Amino acid sequence: MADLYTIEDLRLSLADMTAKPLFGHAPRIEILKGLSFTIPKGAVVGIVGGSGSGKSTLGRALVRLLEPSGGSVRFDGHDITHLSEPALRPLRRRFQMIFQDPMSSLNPRQRVGTIIAEPLRLHRMDAIPDRVARTLGHVGLPQAFASRYPHELSGGQRQRVGIARAIALEPDFILADEIVSGLDVSSQAQVLNLLERLVADLGLTLAFISHDLSVIRRLCQRTIVLHQGQIVEDRPTADLFADPKAPYTRELLEAIPLPDPAQVWV
Amino acid sequence: MNLNRRSLLKLSAATMAAGTISLPSFAQAIDELVIAYNVNLPSWDPTVGPSAVNPTIQGLYQSVFDQYILQQPDLSPAPGLLTEWGWNDDKTQVWMTVREGVTWHDGSPFTAEDVAWNLARVANPETGSPIQFVWGTLANHRVEGNRVIADVAQFDPTIFKWMYFLTGYVLPKAYYEKVGAEGFEAAPVGTGPYMVEKFERNAFVRLKANANYWGGKPDFDTVTIKFVPDAAARVAEVESGNSHVTLEMPYEEYDRLKGGPLAGVAAPISDIGMIFLNDIEVMTDPNVRMAAAHAIDKQAIIDRLLSGYGVKIDSLQTPEYDAFDASITVAYDEAKAIELLAASGYGPDNPVKFKIQTTRGFKPKDYEMVQAIVGLWRRVGIEAEIEVYEIAKHYELRAADQLAPAAFYNWGNSVGDPTTSTGFAMFGPSPHSVWDGEDLIGMIGPLWGEADEAKRIEGWKAVDKYIADNALVIPLLQYVQPILHAPGVVVTPHASGSLLPHLMKRA
Amino acid sequence: MSFLSIRNLSVRLKNGPPLLRRVSLDVAAGEVRGLVGESGAGKSMIGKAVLGILPPSVQITEGEIFLDGTDLLRLPPKESRRRIGASCALIPQDPLTALNPSHRIGPQITDRLVDILGWTRANADARARDLLAEVQIADPDRVLRSYPHELSGGMRQRILIASAFAAEPKLIVADEPTTALDVTVQKQILRLIAGMQARHGTALLFVTHDLGVVSKVCQRLSVLYSGLVVEDSTVPEFFASPSHAYSAALLAATPKYTDPDAGLHPVPEAVVNAVRAEVAAFDRGPAHG
Amino acid sequence: MPFLRILLLRLLTTLVTLAGVAVIVFFVIRVVPGNPIAMMLPPGATDEDIARLSALYGLDKPLITQFGIWLSGVMQGDFGTSITTRQPVLGLVLGRLPATLELAIMALVMAVLIGGAAALIGTRGRGTRTEGAIDVVNGMALSVPDFLWGLVLMLVFGVLFPVFHISGRVTPSLDLPFTTNFYLFESLIRLRFDLWADLVAHMFMPALALAIPLAAIIGQLLKQSLKETMNLDYVTLARTKGYGETHVIMHEALRNAVLPTLTLVGVQFTFLIGGTVIIERLFSYEGLGNMAIDAVINRDLPLIQGIVILFAVIFTAVNLIVDLLYTVLNPRLRHA
Amino acid sequence: MLDARVLDGRSMVRRRVGVRLWLSALWLGVLCLGALLAPWIAPHDPLAQDLFLGRMPPIWVAGAEPGYWLGTDSLGRDVLSRLLHGARVALLVALAAGSITCLIGATLGLLAGFLRGWVDLVISRLIDIWMAFPPILFSILLIAVLGPSLTSIIIAIVVIDWTRFARVVRAEAMAQGAMDYVASARVAGRGRVGTMLREILPNVLPTIVVLLTLEMGIAVIVEAILSFVNLSISTDDPTWGGMISEGRTSIHQAWWVLVFPLIALFLTVLAFSQLGEGLKDRFDPVLR
């Protein structure tokens, strides 16, 4: 299988404005400290880590919402590390993102139909109403929802709209950033099932960011464990769960509360 | 529904008694006279800068400084610091006799040296004297005993009138040279009836009586003059008893208060309201000018708008002035106005159009008066558009001869000489005149240097007659200055419009 | 009688739908009861009603809340506030917003001791130091002088726990106390709460949406759906065999990393419809009277 | 070191701001029609007189040269000489500044007291008629410009119930032992409460007129921000501790709710200072505003420049102080 | 599937449509109508004076002149007619000054808040400089420069008040710019300008609308203030500020000349601000 993404020595740092001296540049905080990995076409890769591990930053660097400060990100042969926004635009259709908070990632003043149709229009796709209808069907939302506003929907429904917007463009790659962490268990399961089905049906490549190993285990073939901006483990999911190598991975696994009184902590 | 102040006052008596703040009341005898004055005093030097020519603050200067010649309340001159004065026979020299025994506020004696120094100072262009063009007609000032003699560089028949007009003040030579301009501003010294005890800029000036004043010690030992530019605040000041005397309030307020707890005087002053006509556009047509003049019912405006406080005038001279001629009249005649306009092809259906400029709130009812005039004009077929300008803009436009065809303005002339009324206002070459007709220039020209006083006055009367007949300007009225005061004070109004504390007496 | 006894408590939004439907439950002294349900099920409302901090838009329509035998809802507001303050405490959800940013940590722990219970400042300070040591904070003196923003999330949650235990309350309401934390921190905090609860013998009303968490700290649990208590069992009973179809489905939907297939069973639509019908029937009929 | 850093950074930008103000002011007022020379010409003056006086006041030079002269003077602390008063501008404006500052501060104190009380009462009774009533009063207070409040106050407390002085800053007949122009503060320091009472009796109406609109804004904003704060977790937590509503508002919510209000009050306070121009005129109060109107009427160009720049300095200083206060009150910024 | 409406109780709370919103809209509507129809419905020519009918009291007071409902001023002009014609000026100033101020201020604020960088730096500095001017003194100066006229008043208001919009819109645009929906627009491939206009602007719009209504009220007040220092419009067309300033001198003789325009001014400013508040209330739930 060919690699869709090739990431080499990816570094990303942000200026620390709180420590900026009066003159001169602010010191930089390194968030990603040299990551190298690949994402093969058609793969579902899990990216897991605690808060502050840099997993969301990595995700945003992959879809170039953030510009890396070092290393390279290649997408399907294109070096997109420092590509300018206009140059990036034609490629944008091919990698999409689903955001963690469906409330803030959906424009509160646009109807669901518009939210899904807008990206299609931007990329001059044809038969937009058909595509919107089809996409709503894909994510299991009634057609009537096209005329609703985001604040009229439940959390699970909003996240479906977020998914619909991403898949409507028929991208090659989707980044899902903590997309179920704000949902109830029941909706969580529904959204995950949906995503799993879509990946299979549409032949998508998926990077799935989560802090929840239980979810990763079901969904992903490979898991990358991030800790403090570095990759501590990058292995097939089954191996990783069977035999965690890195101490951090082990700690993470042991901290998950199983719904089972037999697992005793106290 | 009139707000009944007295009944409410009774109600609030308890509040006042309980309060810690005690305010003066009418019942108390006046120890310290408080006057609410309508303008701020910017500068203490009455001879240079814009303040020197600002007529509204001359009263303040006259309290502290003496003029060369004293002007009495009826505008007539009387011996002041100069006891006698005149020209030599061939009018090549002027002489002045200086009063003896006068002292400055700092105790030093006043001498002829002071007078000579002052005259030389204001004649010097470098000092920034705005009246240098008058004082410059005298040169080579010298002292001979208690007389001051100066050569006449150019004969000006009004030179002695300027000695009780703008910038005609005597400052102490020695003191001024010692402390300099800034020091003088901080602590001015004069020979006047009052001495400056304390001056707070934009707030008040406190005056103390000059016990050694040559004209006798004034009645009130202490006088505080508060600067209260807002008319409503001034009224509130006297109404509440915070001040004893104030001036320049709306006539309605004057009428309301003078019969009540306050007394009032309202006397005509040497200040007139007039409409400048500029010889441009339609104003070059004598019919339009005359129609405009005849269409104004001055008496109705005075009665209705100014509550009767005003004296109708038809020339630029008021009855107090030297060249007043009662025979010059311009009657209110609507029919004649219509007729005149018709002669030039105008009528109510085809009105003549021009712009009239006016200040607003600069003089009592100025804007309202112009509105009323425009209303009267509309009836005969004159469609005038009102434009409000600020006084500063008026000066600039007038100096540049760019006034609108008609422009409302007021003109003060407290010496009553025709040169300073008709002369400067109507003489084409003067920067103050916007009427440039050659015939008038020819009439006025010879009068400037006319040495024969009787001939000179007659000449000016002829000019006024010519102006009235041709409607080269529209004189409207002589203002009446309303003064409200507590019953405990007797106020003598001065026809120059200056409110002079040393003329006030205890009742 | 139990220390906390709620009887037929109904709560609704003013001019709006019911949020709690005749809820009854008991918490015995020293017992830990979990309150479980999806968002909007009304589980937090119960805790808020007990502590008298319902939002103004919400009103209690019926029921009693007995605290140590006294019905709080019958007491004058001042008196009920005093009683709650003296015998109850809250561990809030978000440690980042639950500490007043403009006060130092010390007073935030001791204020109740000094102002409400009349301790001397010195005694209260000593108590605060002991408590911080008990929640395993190194250098308590420095922390007491700090402002909240200078401390990490885990640290702040420890402080909130310490503060909750400060006055030796009989009952603590823990409102999703670990939801905002990383799993590794969550484990430490849960251990801490459980340990302290056991040591102090405090009753605990533990509100959470996570059945995994419930299985770690609770002895009994109530499952709510739309303000209705659908299950009230002991923890071992529940995890062995839930009595209500809805709570069983909820348990099935909870992900379990040990089982590759677990966690992707949404609550079946039939179950949802059934439990909805139950709520509707409740609203209709006076049967529960 | 964020405190010092903010201070330095703000001082730097303040300089840029003031430079911008200086340039704009200079050129704007040069195009104002009506020149000061025309104002001082008496009847009978000639065109030569105009030229002579223009040269005397340096108004005959090209604009850019005039600007250069003025700017180099300003750099040396010389703001030129006022045309009407013939005094150095700097001394004049600094002499009037204390009066205006005292008035503004008095108004601010009043506004904070009235607005703060309204906010607290409104928060205490939120959702009830009390809050509604306070909202209505606030709305009304905001809908009347300050000078109209001045007129109303003058009529009520100056004439109908003459309890306060209508004009001026202090009774002229009083002997003032002061060494500074900050009468109000100095009278307190010297424990001359008789003078203080007299000053307050003069200041009360203009200050209140200025304060009413600001009080309404403070009331509105603080109430809103208090209400939001009252929903935060730490306030809820405080309630469970057994504290009463008033204690919760005052002790827990107020300090945090004040922060967002503070920035806006800073901006509004500068508006209030700007409002002194009209109010001082109305009450014949001896401050900068009163002087400013005279300066505009008389086209006293150097004085106008000086006053506008001084106002600009005050405004930026107020904003600076608010920023620093914000830093001080917000522990997050203080210790970060 | 769970119904969102049951789960999210907030959407079930019926929002009280503000009485004050309707009242203020009603007053402004009446005012607009009165202003538009003034030439036809005003009982008299607002400029027609009759010096013999000066200071007639309103119709319900003894001594009133029939046909002059709200009395006459000192020149015998009908107060009601002047009030109606004054409403034209007031509304014109409110609309023109309000919308131009809004357009300029909001555009600059949006650009600064969204584009950041040097654009923000320049605009922010400009705002700082502008805010350092004493507003009333500056407007008096400006009117002195431009000469008193309707256009001058509008220009003065615009020149002075655009910062009000710029500051608030800038802050709001910054806040909105940090939201994920903006990031998602980028992911979808939207350009900067497109994002600003299609994503940010609609979300900043409610704030702008509220500010706009406030500004309209302020514009009415500014006209009154400038009238107070005799710097309002220079023709003799009636304005409320001018009427107030005229009426002030004869408050004891003819209170109606002052009181009616004062009430009209007060109600209008109040209505504008309440309209803003009401609109904010209406807009708010969408954002939450």
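Here the chain labels run A, B, C, D and E in written order, and each chain numbers its own residues starting at 1.
Note that in this section contacts are C-beta pairs under 8 Å (C-beta built on N, C-alpha and C of every residue); 3 or more make two chains touch, one makes a residue touch a chain.
As the structure is a prediction and not an experimental result, all values here were calculated from the model.
Engineer: Enter the minimum step count from subunit B to subunit C; a value of 1 means the two chains touch.
Structural biologist: So the least number of steps between the two chains is 2.
Engineer: Counting only C-alpha atoms to place each centre, which chain is farthest from subunit E?
Structural biologist: Relative to subunit E, the chain whose C-alpha centre sits farthest away is C.
Engineer: From the C-alpha centre of subunit A to that of subunit B, how far is it in Å?
Structural biologist: It comes to 85 Å between the two C-alpha centres.
Engineer: Per the centroid of Cα atoms for each chain, what is the distance between subunit A and subunit D, given in Å?
Structural biologist: Their C-alpha centroids are separated by 53 Å.
Engineer: Please report how many Å separate the Cα centroid of subunit A from that of subunit E, as a whole number.
Structural biologist: 47
Engineer: Using the touch rule from the top of the page, what residues of subunit B touch 2 or more other chains?
Structural biologist: Residues 3, 232, 390, 392-393 of subunit B each touch two or more of the other chains.
Engineer: Taking each residue of subunit E in turn, which ones touch at least two of the other chains?
Structural biologist: 2, 7-8, 144, 147, 248, 251, in rising order.
Engineer: Specify, in ascending order, the residues of subunit A that touch 2 or more different other chains.
Structural biologist: If we look for residues of subunit A contacting two or more partner chains, we find 186-187.
Engineer: Would you mind writing out the residues of subunit E in touch with subunit A in their complex?
Structural biologist: Going by the criterion above, the answer is residues 2-4, 7-8, 11, 179-181, 183-192, 194, 198-199, 202-203, 205, 285-288.
Engineer: Given the complex with subunit E, which residues does subunit A contribute to the contact?
Structural biologist: Those in contact with subunit E are residues 60, 63, 65, 85-86, 88-90, 92-93, 95-97, 99-101, 104-110, 118-119, 122-123, 149, 151-154, 156-157, 162, 165, 169, 186-187.
Engineer: Please name which positions on subunit E make contact with subunit D in the complex.
Structural biologist: Subunit E reaches subunit D through residues 125-126, 128-129, 131-138, 140-142, 144-145, 147, 217, 221, 224-225, 228-229, 244, 248, 251, 262, 266-267, 269-270, 273-274, 277.
Engineer: Which residues of subunit D touch subunit B in the complex?
Structural biologist: On the subunit D side, the touching residues are 33-36, 38-47, 49-50, 52-53, 56-57, 82-88, 92, 95-96, 151, 154-155, 158-170, 172-173, 197-198, 201, 281-284, 286-287, 290-291, 293-294, 297-299.
Engineer: Residue numbers of subunit B touching subunit D in their complex, please.
Structural biologist: The touching residues are 3, 5, 8-9, 11-12, 15-16, 19-21, 23, 32, 34, 36, 40, 42-43, 45, 48-53, 125-126, 128, 130-134, 166, 181-182, 185, 198, 200-204, 206, 222, 224, 226-230, 232-233, 236-237, 239-242, 390-396, 398-399, 411, 413, 419-420, 423-425, 429-432.
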